[in-house]
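Mind having a look at this structure? Questions to follow.
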Amino acid sequence: MATQQFLEININNYQSPLDLIYHLIEINDIDIYNIPIFDITEQYLTVLKSNSLNELDMELASEFLVMAATLMQIKSRMLLPHQKTDDNSLEGNDPREELVLRLLAYKRNKFLAEELEKEYNLNKGSKLKNTSEPHDLGIDIEIVEDKLDINKFAKAIDQLEKRNSLRFSSQNQRIRQLLRREKFSVKDKMKEVIQRVFEKTRMFFSELFPVSKSTKPERISGFLAILELIRQNKIIVKQASPFSVMMIELEEETKEKILESNSDEK
Amino acid sequence: MKNDSQAMAVIEAILFAAGDPVSINSLMKITELSEVEIIDLCENLSEKYLNQQDSGLCLRRIEDKYCITTKAEYKEYLARLFRPEHLPGLSNAAYETLAAIAYNQPVTKSQIELIRGVNSDQLVNRLVDRGYVIETGNLDLPGKPAVFSTTEKFLLEFGLSSVDELPTINLLMYDTIENLQDEVNVNE
Amino acid sequence: MKNDSQAMAVIEAILFAAGDPVSINSLMKITELSEVEIIDLCENLSEKYLNQQDSGLCLRRIEDKYCITTKAEYKEYLARLFRPEHLPGLSNAAYETLAAIAYNQPVTKSQIELIRGVNSDQLVNRLVDRGYVIETGNLDLPGKPAVFSTTEKFLLEFGLSSVDELPTINLLMYDTIENLQDEVNVNE
């Protein structure tokens, strides 16, 4: 499969990372119970890198990144020697198992959603009638209506308030995210990563952006920066063993450039 | 339209969904049939209702309009339907609309939509029909939108003497949401 | 009531006048007939509408209620009668969220997120606003998360008489995600 094909995938067309992975599985025509995780991970990362996640909703962008991390983790776990119990590709402890379950659940739901949409389109034209006024039916009675129910009124206020405060906070969040996105631009993070790694020679991702000292958007920008730096061949990412975290080092060329610019400043 | 029986079905569906009487003119426009054809079809429908023992409906002509109604002989059963225990009371959505009006009166339909996040025009009309809400004027804005307020009947059934007695609620409403939207627009 | 055809006429008249779905219980009280008789009569009425080419109506059962609606095939004519509703159609993401709720109800927002692989809270809120979904309680778990289920309006507009009738697919068809997981575990 040509890399070009994956570079052209527009991430905006996918509802979730699972949607994208399922698409990759389909175009590769592979068995979902035996996913070639190395290929899929590489393809997934190619798609991610060729798309600007900044245009996505922050929530969705972070889900795509979490999935990238998940795929890389599964990939490294696959390298561990494990005992084959039988020919079933999903034997116990297969690191792909959870992903496969989530893909199946997602696909099933997507099928069902399509069925629902069909049903809706078949039925959407049928109309109920409004309740008749007794007077119009020639019935001469005084309608004894239910009086207003103060409890139902209170409950309605409660629901309205809850819903509006949700809208309020989600809109507030959007504003804050917009501002934050400015603050943690990927470009700035790329500079920061290079400078900090240069100072320490090598660093772990978790050292660069420790969970205790950085916000989620900051870590996402940082992760994007790392992906971009790998793509530009400015850093080397190593894993000492399959289970360990990513260790980041600078390429020789990058180091030389920094040394040059530092000596220029002096 | 394929044939006469389909045309009759269409007329029945239109008159049923409309509820109120529909003019021959409107029926002509909707079905693209002539006046004579409409009148013929309606007469057939009327006869069908009359001849079928198992039909509870009848077609009435009022001047140049037609409507479906129920056969008069079943009045006693229908009278039972209109007892409160059988009629659906106000829905949650209606109570929400009532709350949106009560706390923001006088308020326009589009302001109510902003508060509820969904078009509520039908619900406002229903509340007006039931006498809980009344049109109290027009805003001095393009299109002169009507504004709505709650009625004395509303206060009476809740045992309130004025809307000031409604429990205070923070953050319900229109002011907050509108301000917020302005804020978002400025920031974007 | 004299006979069956008169009883059918009464049911038709009641459902016509009520407009909204009427419960079997109310129909029993109004007509003084038994549950079995009501269901029989309604089934006959439903068949009559279906078999008559010249009828534009259709009888629908929604859980334990009945209502008359127009046949869906005449929607283009009805669209001319009513002002277009300016509600936008549901997005793919909204259908996915609705499916996640319909097939797993009652379900929490985080369970929906697990199925879709992405946070869907806003979509759930929008489905609540549209009246397809409603909060039906809280789970007895830390934080007391709210659970959501589909509404009568959902059944009505999706042509279903109960959630048991949701379309099924043989492939990957499990009652719940837990069952799916159990099944895979058993196969290992």
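Just so it is clear, A, B and C label the chains in written order, and each chain counts residues from 1 on its own.
One rule holds for everything that comes next: a contact is a pair of C-beta atoms (placed from the backbone, for glycine too) under 8 Å apart; a residue touches a chain by one contact, two chains touch by 3 or more.
Just so you know, these numbers come straight off a predicted model, no measurement behind them.
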Notebook entry, point to check: If you average all the Cα positions, which chain's own average lands nearest?
Noted result: C
Item checked: Identity of the chain that, by mean CA position, is farthest from chain B -> A
Checklist line | Mean-CA-position distance for chain C and chain A (Å) | finding: 32
Next item on the list: Averaged over CA atoms, how far is the centre of chain B from the centre of chain C? Could you give it in whole Å?
Entry: 22
Check: Taking each chain's centre as the mean of its CA atoms, how far is chain A from chain B in angstrom?
Finding: 43
Check: Do you know which chain A residues sit against two or more other chains?
Finding: 127, 129-132, 137, 159, 163, 167
Next item on the list: Mind pulling the residue numbers of chain B that touch at least two other chains?
Entry: 13, 16-17, 19, 70, 78, 87-88, 92, 116-117
Notebook entry, point to check: Within the complex, which stretch of chain B touches chain C?
Noted result: 4-6, 8-14, 16-19, 22, 26, 29-31, 44-45, 48, 53-57, 68, 70-71, 74, 77-78, 80-81, 85-88, 92-93, 116-119
Checklist line | List of chain A residues in touch with chain C within their complex | finding: 15-19, 59-60, 63, 67, 88, 90-92, 97, 100-102, 104-120, 122-132, 137, 159, 163, 166-167, 170
Next item on the list: Name, in rising order, each residue of chain C that touches chain A in their complex.
Entry: 16-20, 58, 60, 67-76, 78-79, 90, 92-93, 95-96, 98-100, 102-103, 114-119, 121-122, 125, 128-129, 135, 156-160, 166-167, 169, 171-174, 177, 180-181, 184, 187-188
Next item on the list: Please name which positions on chain A make contact with chain B in the complex.
Entry: 127, 129-132, 134, 136-139, 141, 143-150, 152-157, 159-161, 163-165, 167-168, 171-172, 174-175, 178-179
